[in-house]
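Below, each structure is written out as structure tokens.
Presented sequentially are two complexes of chain A, the first with chain B as partner and the second with chain C.
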Partner chain A sequence: MNRELVIAFWRQRGSAAFRMAFLLLVFGFPLLMTAAMPGGGLGIVRDAVGITMVLAAGMIGQDVSSGVLQLLFARPVRRSEYVLSRWLSVAVAAGAIAVLQIALAWLILNARGAPQESGMVLLTMLQRVVEVIQITAVMAMFSSLVNGVGDLGLWFATTVVGGILQLAAQAKGWGWVGRVGAELNRIVGPDVGLVALMRGTGGWSDLVTTLSIAALALLIAVVLVNRKELSYATTG
Partner chain B sequence: MPPPADSAPRGATRGVPIALIAIAVLLLVARIAVGMYERGRFASASRGGPFQGNVQFNVQDKVRWQTIEAGEALALRTGKPILYDFTAEWCGPCKALEHEVFAQEGAAAMISGNFVPIRVTDRQREDGRNTADVARLQSRYQVNGFPTLVVARGDSVALRIEGYPGKQQVMTQLMQAGLPFR
Partner chain C sequence: MPASSIAVPQAVWHDAAPLMTPGIVVENLTKTYRRGFSGERFHALNTVSLNVRSGEVFGVIGPNGAGKTTLFGCLLGFLRPDAGRITIDGHAPDDLAVRAVTGYLPERLVLDRWMTGFGFLAYHHALARLPAATRRDDCAAALARIGLDPEAGQRAVRSYSRGMLQRLGLAQALLGSPRFVFLDEPASGVDPAGVVLFRRLLGDLKGSGVTVILNSHQLEQVERVCNRVAFVKGGRVEAIETLDAGSAHARGLRIRWAAGGAVTAELLRTAAERGGAGFVEATQADSGGGAGRFTARDDEGAARLLRALIEAGVPVVEATPDEGRLERLFLSDAAASPPPVSVEATRFMPPAVPGSGS
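And then the complex of A and B:
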């Protein structure tokens, strides 16, 4: 990991007004909903996809399209170090924000007379962090494939294709197509199952699968960035 | 600041960390192994084999379960609390709950008399997805494992039991939650 790269990325994201406005929206809206409907409990803020997406979109691809990567790789920076630093930057920031969101939701629910079990809240926080680790790793993989914020397009395309395959599998009874669809949806939508595991009502496979997808996605991202041939010529 | 230009040879910048390869391979192997183990365990459970206390399956459930739509409409009409049973076909403890509580005449009568019972069966593992109604209820009541019993009065949750703590505890809590003016 490269501390300078991590800090530089945070600064860059913090100075992007459009992203920060979106981040405020995906952070604050579920909290308002929680305050308005305390009966829903922590269920309203159970998803960290929005927060992670806002921070992760274009994490590598934008550096390619803006020419930053060409300049950076002119220096003796290891490409794997760059990819892992990008992943860590987003994962730490998104994980911290997601945990803060749950903590605030917890306080709101307590104030609104719908207290939640503290053990469950902590488990939910931990589960959210694991989810963020996977989403960020998959976004790093997508972002190393396409320039700009095309990784968002790949994310949605994977979600849609996965859903269509599962619908087709249900209609036609094609088991293997359904499994492919489920796997695609699993890649873009982590299912950690940590709470169930700790409560003794679930197995280890969801957690291991999540971590496995994250590690494989990071490995693929490193390989893809290693294979990138960057042009130093200007096109304008 | 990036390190100075002469600190490392250029060819060394494109390596893949061995640790990352090792972790990815290890987790992939673990995923396959755990998946196979758990699939075998669930298959054993659904055949009625020894799992979670030698529970035999395919028992006669005596609770009058409602569909989600009909049950929610009935609850609005009668004012009774809804008892949601979040379950899954492959779930061993769910079968134990079914066998020891829902298949017993007395318990079933108490449940059907005091609640509008709605069974919400997860099909994620079998079909890869759930219906919109099932997904909505799982999200609303934060269902993270099975079985989960939720007693809902309007927008508020009167009781929540995760896992199967045993017949005695389930019945005691259900009876308390089913009292009209609790």
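And then the complex of A and C:
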């Protein structure tokens, strides 16, 4: 990990007004909904996909398309170090914001007369952090595949294809197609199952699968960036 | 591995001049790209071999599409060659030990627009793993070195002009006193004062023993600062020209005189010899005036020649430098004829350097 890369990435994201406006929206809207409908409990702040997407989109691909990577890789920085720093930057920021969102939702629910069990709140926070770890790793993989913010497109395409396959499997009774669809959706939408695990109603497999997907996605991202030829020679 | 611990392999070199250290060695470098829908492969670089000695300023010139940029990309480890090998001080170009002592200025500097000029330098200072304790002072000194005032350094780079960006890029390339500096069209978009500054900085680098690779279309600049120049065309190194100051190569001078003096070829030859210069040819105009071509070793020699001609009674009205040698190389290329200048053979077969590869 490279501290300079992490800090520079945070500052870069913080200086992007459009992205920050989106972040405010995905952060604030569920809190408003929680305040308006306290009966929904913490369920309204359902996942951290929105927050992670806003911060992660183009995390590597934008550097490739803008051309800043040439200057960066002329420095003594390993490509793997770059990829892992990008992943860590997004994961830490998105995880922290997601945790803050849950904390604020908890305070709002308390104020609105719908207090939540503190143990459950902490578990939800932990689950959210694990989700962020996987989503960020998958976005790093997508971002190392396509330039710009094409990773968002890949994420949506994977989600849609996964859904279609599952629907088709239901309609036609194709078990293996449904399985493929479920796995695709699992890649882009983690199912950590931490709450069930702690309550003793679930196993470790969901958590292990989540962390395995994250590790594999990061490995693929590192390999892809390592193999990437920087498009220096477009003019020959 | 710290920069100072880069090992210099012991080797026997079969080049025209003995090497103090290996510097940059390129052997049979080949890089192809696929072109068009057919996927036909074309050679951006075709078995390029050259060596850049430690401490020399080495120019790379050639027409657009010649392969210069691809060569730079391979030298910097951005592109993977299909065949061949590059070593920099015996290491692969993407070795972190090499990068720790490398500075690079791309032709078009792309950077995060939110950064201030100072912040950009501080960021690269940190990436280069230079000591944090000296960061502020080093960056301030780097800004001053390229003529940007501290106030400009505190502004976001989005407000910088092209020339200011280029200056900032040069400042980052020179952070931490690199041993290898790659400059791709460094004076592109820079105002005349900037061009002079860049030339002075290049002179400083040359004086301090830094190995500089310079890709530039500004032939006059290349001719002024480079020890040697590789002429690249069609993915091949067509020639390597030695340009060392004080070399036997003479500088051309075209001199025109007015009517009124008794100017003969003999007078011109004698005056040129007295001025320590050479006389090439003269033509007489119908008006009674005329023009001649001379050669002088350097600027001082040209001044001596002019003085000698005037003292000999030649009514000189104009003296213009002849086209440069590199310009002639280009022109001869345009005319599809062999370069008329003496060229150093590009053959270079260094022995294998242990523990290296690209």
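Observations on the structure shown:
As a convention for this text, the second predicted complex is superposed on the first by the 232 of 236 C-alpha atoms of A that agree within 3 Å, B and C clash if a C-alpha of one lies under 4 Å from a C-alpha of the other, contacts with A are read in each partner's own complex, and residues count from 1 in each chain.
Quick note on the criterion: a residue touches a chain if its C-beta (ideal position, glycine included) is under 8 Å from a C-beta of that chain, and two chains touch if they have at least 3 such contacts.
Only a predicted model underlies this, so the values are computations on that prediction, with no experimental measurement involved.
Contacts of A:229 after superposition on the shared chain: chain C is touched, whereas chain B is not. By the document's definition of touching, of the two partners only chain C reaches A:15; chain B does not. Judged by the touch definition given at the top, the superposed model places A:67 against chain C, while chain B stays out of reach.
Touched residues of chain A, counted separately for chain B and chain C, are more numerous for B.
By the document's definition of touching, both partners, chain B and chain C, reach A:4. In the superposition on chain A, A:78 makes contact with both chain B and chain C. Of the residues of chain A, those at positions 4, 72-73, 75-78 touch chain B in one of the two structures and chain C in the other. Residues 1-3, 5-10, 12-17, 20-21, 23-24, 27-28, 30-31, 34-35, 38, 41, 91, 93, 124, 127-129, 139-142, 144-148, 154-157, 162-163 of chain B are the ones that touch chain A when the two sit in their complex.
Against chain B, the residues of chain A that register as touching in their complex are 4, 37, 39-43, 46, 72-73, 75-80, 84, 114, 163, 166, 169-170, 178-179, 181-182, 185, 191, 193-197, 199-205, 208-209, 211-212, 215-216, 218-219, 222-223, 226. The residues of chain A lying in touch with chain C in their complex are 2, 4-5, 8, 11-12, 15-16, 66-68, 70-78, 229-230, 232-233, 235-236.
On chain C, the positions that touch chain A within their shared complex are 31, 33, 44, 64-67, 69-70, 72-73, 76-80, 96-97, 99-100, 102-104, 106, 108-112, 114-115, 123-124, 126-129, 172, 182.
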